[in-house]
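Here come two complexes built around chain A, the first alongside chain B, the second alongside chain C.
Moving on to the complex of A and B:
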C-alpha cells in the first residue's frame, strides 16, 4: 500500500485552495535500473477529488507527471470544516484515498 | 477539416457510433472524464493526441495564463500553474510537444473547481508546453516555451 497523501486545504473567502502531495514513483517506462533493466511503467492515471462526498475535480494524467506528484486546485463554495477527499488510481490498479478537513485561511 | 468530418460521418454510418459517443459524453468537452484515453496518452505527437481527444479548431487565446519557468534547471520537476479566464471553462489539458508521449493530462474543472490547476511535470528536452482549454464546446489554446538544462526522463 502506498504511503498516505499529504493534503492541505485552506480557505480564502468561499474558495478552498487544495494542495496535495502523493507518494508515487511515477515510472516512465524509459528509465533503466542499476543492472540495465528497464523499469516498467508505473504511474498514477486518474485522480478525483470530492468536497463533502460530491466530486468537484478530476484528472487523467500520464507518466510525464513528476515523481511524488503535487497538484493544486481551487474549489468554490467551501466552508471551514468541509471534508476534502482525494483518490488516485494507478496503471496497476492500486488505489489510495485520503481525506482532510478544510482549515480556516 | 474535411478529413475529420469524414471520420465523423463514417463513425455515424457504422451503427450510430457517434450517438453512442455522445451518450457516453466523449464528445462533450470537459464533461466528466469518461475513461482514461489510452489512444491519446500513447500518441507520439501532439497533433495525434489532440485528434484522439477530439480537439479540433483550437483557437489561440490570450485568456489562458501558463506560469512556468523559462529555464528549468531540473527537467524532472517543472512546476506549472495554469489559469483560464475564459468564461465557462470546463477542462484544461496539457501537452509537452517534445516529450516521447506529449499528452500529459486533462483536468476537469466543470464540477465546482475554479479554472486553475498546478502540477509538476517531467520535460525531457526544451519544448513548448501547450495548454488546451475547453469552454462552451469550443477549444482554446496557448503555449509557453520551457528550456530544460537537465532532462527529466533519466529519472
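Moving on to the complex of A and C:
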C-alpha cells in the first residue's frame, strides 16, 4: 500500500489553489541498485483530480518526473468546504486516492 | 570538571576516530572577529534563496514526518512496544519541543545524547532492537530509508517554529560542547582540514554553494535546520548524523562511528551555537 499524499487546498476568491505532494519512488528504469541490477520502471502514469466528484484536472505523467513529486493547479468556482480528491495510478496498476476539504484562504 | 578530565575525555572522543591525542593548547578556537559590515546581497545568492523558498513550500520531508509518526506510535520490535514511553528530555512521551532542547544530558545513561542517539537508545531499551542491527546501515539511500531517520524527522517536525534552546546548565553538557569545539577546530588528514577550515569564517563557498560560518548563531541555524533534510538529489531523507559522517569523508578523515560521543559533541557545539534562533522544521536541499 502506497503512503498517503499530502494535499493542501486553499481558497483565493473563487479560485482554489491545490498542491499535492505524493509519495512515490518514480523509478526511471535506468537506475541500478547496489548489486548492479536494473531497478525496474515504477512510475505514476495518470493523475486525476475531482472537485465534489467532478473531474477537473487530469495528467499523463512520465518517468521524467522526480521522486516524491509535487503537483499544483488552480480550480475556478470552488467554495470553502468543497471536497478535492486526487487519484494516481502507476504502471504497476497500483492506485491511491486521497481527499481533503478546501480551506478558506 | 577538572582540566585534566576534560583533556582525557577529548582524547577518548578522538580515539574512536583513530586520531593522535591532542592537547587543549593546540586547538584553541580562532579569536572572534568583529562582525562584517552589511553588504548588498549577492544576486546569485538571492536567486538561490528564492529557489529554496519555492522548494520549502512543498517539502517531501513531510512524507517522512508522517512515516516517523506512524513508527513512533506503532508497536514494534522484539518487545512489541511503541516509543510512547521514550523520554527525549522533557519526560516520557513528550515530543513537542524536545528537538530544540537536544543534545542534552540524560541521567539514566549518564551521557549527553543527540536526538538520533536518544531515539536509538529508546528503540533498544523499549522495543528491544539490537544496536548492531540499527548501526549496520544507518544512512538513507534511494532504495531505503532507515526507521531512525523517519523518527528523527518526526521528532524534529514537532519543534517547528520553536526557538533553539540547547541546555548548557550541566557540567556534562558544557564539557560535551567544549569537546565539540575541539573537534570542530581540529586540523588533520591528508588535506590538513578542520571543520573550521570551511565553516569558521564568513563568505566562504564551495562551487556556488555558500558555506555558513557555524560559529555564529544566524548562520549555525542554517546548517541546523537544513538537517534532518530532504535532498532532491536522489530523493533521500538525511539526518545530522549522516551530515557529520559525510563531512568527515569530505575532509578525508576516518569514518566516525555512527551515533558516537564525538558526533554528539559536534552536534552539541552546532546546536549551542544556534541557540536563540527559530527552528523552521525539517529542511530541503538541492
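One rule holds for everything that comes next: the second predicted complex is superposed on the first by the 105 of 105 C-alpha atoms of A that agree within 3 Å, B and C clash if a C-alpha of one lies under 4 Å from a C-alpha of the other, contacts with A are read in each partner's own complex, and residues count from 1 in each chain.
Assume contacts are C-beta pairs under 8 Å (C-beta built on N, C-alpha and C of every residue); 3 or more make two chains touch, one makes a residue touch a chain.
Since this is a predicted model, take the numbers as computed values, not measurements.
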So in the superposed three-chain picture, is A:23 touching just chain B, just chain C, both, or none of them (first/second/both/neither)? second
According to the stated criteria, A:67 is in contact with first (chain B), second (chain C), both, or neither; which is it? both
Could you tell me if A:3 is touching chain B, chain C, both of them or neither one (first, second, both, neither)? second
Which touches a greater number of chain A residues, chain B or chain C? B
Let me test your reading of the model: by the given contact rule, A:31 touches which partner, first (chain B), second (chain C), both or neither? both
Let me check the overlay on chain A: which residues of chain A are in contact with chain B and also with chain C? 19, 31, 39, 66-67, 70, 72
Once bound in the complex, which stretches of chain C touch chain A? 57-58, 60, 62-63, 66-67, 141-143, 230, 232, 234-235
If you look only at chain B, which of its residues touch chain A in the complex? 32-33, 36-37, 41, 76-79, 96, 99-101, 103-109, 111-114, 116-123, 152-155
For a test of understanding, state which residues of chain A touch chain B in their complex under the given definition. 15, 19, 27-28, 30-31, 39, 45-46, 49, 51, 54-67, 69-77
Using the touch definition up top, name the residues of chain A that touch chain C in the complex. 3-4, 6, 8, 19, 21, 23, 25-26, 31, 33-34, 39, 66-68, 70, 72
